[in-house]
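Chain lettering (A, B, C and D) follows the sequence in which the chains are written, and residue indices restart at 1 in each chain.
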Amino acid sequence: MSKSAVLLVSCPDRPGLVASITDFIFRRKGNILHLDQHVDSEQDVFFMRVAWDLAHFETPPERIAAAFAPIAEQYNMDWRLHFSDERLRMAIFVSKQDHCLYDILSRWQSGELPVEIPLIISNHPDLAPVADKFGLPFEVYQINAENKAERERQQIERLHTHKIDFVVLARYMQILTGDFISHFPDRIINIHHSFLPAFPGARPYHQAYQRGVKIIGATSHYVTQDLDAGPIIEQNVARVDHRDSVKDMIRKGKDLEKTVLASAIWYHINHRVLAYNNKTVVFQ
Amino acid sequence: MSKSAVLLVSCPDRPGLVASITDFIFRRKGNILHLDQHVDSEQDVFFMRVAWDLAHFETPPERIAAAFAPIAEQYNMDWRLHFSDERLRMAIFVSKQDHCLYDILSRWQSGELPVEIPLIISNHPDLAPVADKFGLPFEVYQINAENKAERERQQIERLHTHKIDFVVLARYMQILTGDFISHFPDRIINIHHSFLPAFPGARPYHQAYQRGVKIIGATSHYVTQDLDAGPIIEQNVARVDHRDSVKDMIRKGKDLEKTVLASAIWYHINHRVLAYNNKTVVFQ
Amino acid sequence: MSKSAVLLVSCPDRPGLVASITDFIFRRKGNILHLDQHVDSEQDVFFMRVAWDLAHFETPPERIAAAFAPIAEQYNMDWRLHFSDERLRMAIFVSKQDHCLYDILSRWQSGELPVEIPLIISNHPDLAPVADKFGLPFEVYQINAENKAERERQQIERLHTHKIDFVVLARYMQILTGDFISHFPDRIINIHHSFLPAFPGARPYHQAYQRGVKIIGATSHYVTQDLDAGPIIEQNVARVDHRDSVKDMIRKGKDLEKTVLASAIWYHINHRVLAYNNKTVVFQ
Amino acid sequence: MSKSAVLLVSCPDRPGLVASITDFIFRRKGNILHLDQHVDSEQDVFFMRVAWDLAHFETPPERIAAAFAPIAEQYNMDWRLHFSDERLRMAIFVSKQDHCLYDILSRWQSGELPVEIPLIISNHPDLAPVADKFGLPFEVYQINAENKAERERQQIERLHTHKIDFVVLARYMQILTGDFISHFPDRIINIHHSFLPAFPGARPYHQAYQRGVKIIGATSHYVTQDLDAGPIIEQNVARVDHRDSVKDMIRKGKDLEKTVLASAIWYHINHRVLAYNNKTVVFQ
């Protein structure tokens, strides 16, 4: 397969947007591989993701952004341009539970998640052996009320040193401060073990058991200042009934957490997610 | 098929419960058709549903309750005894939306829901033609803040006159008072158009759209004093994404509402639901 | 909402297709409401569905086809043009089971399926009362080996007389001849009560029970010469287990049949289905 | 938690079965933890799984079988007795794909699958590093038409040497001979990457793509002499549409394969599966 480009656009809706963008690609002899478009007709916002083959494209990759800028300006676009040969750099934060970490690392090793993983960070030493199995650096930052600000400062520095593009909280049991979050807007992916907005906060399976729901869920979302309230990327659910104890729900829920988080990562690294207005457009 | 009996039991858990009940049936030459048992090991509560064939049962149906009473007393049981040839009497409450009403009535007409339907009650005249199509009485009680208590009094009287066993709220857009509910404990089935406890109250599809969830749901529950917070009988969900407007969610949600409510009615009339502790045991 | 147009296109894939079509719309001052595009990269076939607002469109509806024809010719397109104020004319074929018929008619009555229903055809008189409830004409054609060709000839004539656009087989238990099918290519929608290609032909729930599957399904497809082997439009599934008898499977399956068939009709009348190569592209 | 016993029974249905078994437990002062019972009313076969606490049970574990034997004989039962402190010994067979192996081993390491894994067998050396990560022995038996009988003989010997209770084929791409299978009746669990009985045999995702299905699946079953036709233990499905290439289906399908196989193993090691008549009873 030859190299391809992906353009992500959002802007106020106006006639001619699709025509302008596709014409830009066509005139330079690009062949469109995928085009997805969406209009939020309540807010009058236009979204587009278009991927095209660069094999015969007349503008070289490093000059495409400059060539597109005038169109972007004309329509007042927010936009990002990516190329198929880039590999995002992902940091993973974990605590004591290993199921999401194992799942991510085995997908990574088999090529399903083509990213770089420069480091794994934890507030506990427990999962160091897992990182070790996969030959990945594992750094422990034990955190308490006193040292939290200092520890986060150190973590942010490490993330910047490693040129981390996005962070995955794989059942990381520490609440990040607003300051930390502001360094990575729409670039911290969390997995919450409930069907949000039901059961936010602590011990959602216990809450679900107490309430007697017949279906449990998991939700992956971008982290914002409001706990468990950021833009939802993916959700999934599983049936339970009166026979399921909290322990059974935890066991069934782990499978949801693993697959929902992996899907969210996959969408993110394939540049398929546009967050706006505390929601997401996810182009499949 | 010969006549059969169904016994529903809940009581404090103790050794010997299953043995005592099954021995009661076996000694009288009953053959067990289905037996389901559950222990809530947190609360130490025992639940059982057992159905047996009465073909060769040596105790006649009208004397079974008296024969079983000593065992029930010994173990401090809450219990109910039903027979396969009974038909429950169901009242349906509706407002303006017809999809659940059509669905229930067509299932009833094809024999899937073997109940009597002595009356349909509404706070609007709109759905009278639907009741008419199926030859069923339709009574309108227009309700406002002033006449609400009086109207409910009239409705309760009509329900008692018709010996109604249970009430189905098929998208009835009036909140029942605590007084009304107290006449039918665990015998009023509501359908709420969200995945409870997410989005209780008004306009749940609008809430879901606003929050940007990727899955919507419907919940059927017994009505209690707390709005949309009663014991959940059944839930189901459907996928949505950014392309779904509120109108699309409503269309997709209607299918959930219909099937979830119909399932809850089916479980109820087949004596498969035991409510306790604001949860349900639903024997499949 | 103002009137809108929908254009459906399929053709050999070539660079410039999207640009040409969107430019055609933009130059005439049409605003694109939805655009979906797909390329089958194995077969090199391009598919597109584009809907645009006609409020300010400079070409009047009746001249759009002529204006678009040169582009269509240039790219060798198969194409269809529809307008939002058209209502398709649908005939329903039934036998003895009423659940799909009730479901379609109640959706039709509540406005969810905006079509004309000029006639319902059956090989049995049983469901005449249902058609009657909804004030719709019901015609009975009893069929046996001898009269089958003659009966089908009469039915086709009636369908043509009523200018029927498409036919829905709502659990119609007669196999149509190839001759009948050839009059309505990709315009006869069937519901089969299994997860095709598993369990084609007769008594699929019995086959499923015998095989001991843990999930049952329903499939809606366009009818072709090969029994239960036409292009699949929609499928859905439900869990079963060892406790489910054939009768339980039939009951659970009915819900699948109703919703899967209704979805397929909805996609069809909203011009969202393109059949090719014995498969479908269904634009959501 | 104290030690408990699990009794699995199947036999011709007769009145008194449940009473006899529960009486056996009660008289010896056992407290029933779970009781599941099922009657196949077509074949008149009775199935039961009952678990009870041994804390106050008056018969010591090693004498329970002998004490129960007369009842078993009286009712002509097939039966098995297990204790909660046993750990089954599982062998895993793999080829080149690592997703199921990683999934099983990470579940095993986190305690979700409490078994012994004395060895992993493969027909290729590729996955040796995975076994190595988890410190497990990995043996390679390269197989061709000439040496197949001999290699299987060696494998069977190794399985017997290691006292293997059951075998898991985690995407093992070799068809076992009838002779091999006969050594482990209902004790070889396979994962097939389709919704059986659809798409048995080779390359099921390619078959699914070709057929244009809207849902793909995975099936876990006991291996019998007939390829992909043994008793089904568990199935699950995922939605696909025209946008999904074969490669996408493979990616989505892997998640199904992992969770379906893990569920089947979980049911098996918790003594919840009874195979009969080429079907299974799976007590949840």
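Note that a residue touches a chain if its C-beta (ideal position, glycine included) is under 8 Å from a C-beta of that chain, and two chains touch if they have at least 3 such contacts.
Computed from a predicted structure; not experimentally measured.
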item	value
Between B-C and B-D, the pair with more C-beta contacts	B-D
Farthest-lying chain, centroid of Cα atoms versus that of subunit D	C
Distance from the mean Cα position of subunit C to that of subunit B, given in whole angstrom	36
Distance from subunit D to subunit C - Cα centre to Cα centre, in angstrom	41
Numbers and ranges of subunit B residues touching at least 2 other chains	41, 243, 284
Residue numbers on subunit C that touch subunit A, as the complex places them	15-19, 22-23, 25-26, 29-37, 39, 41, 239
Residue ranges of subunit A touching subunit B (in the complex, touch as defined)	38, 40-42, 47, 195-199, 211-215, 217, 231-237, 241-243, 245, 277-282, 284
Residues of subunit B defined as touching subunit C within the complex	98-99, 102-103, 106-107, 109-110, 112, 133-134, 243, 251, 254-255, 259, 262, 284
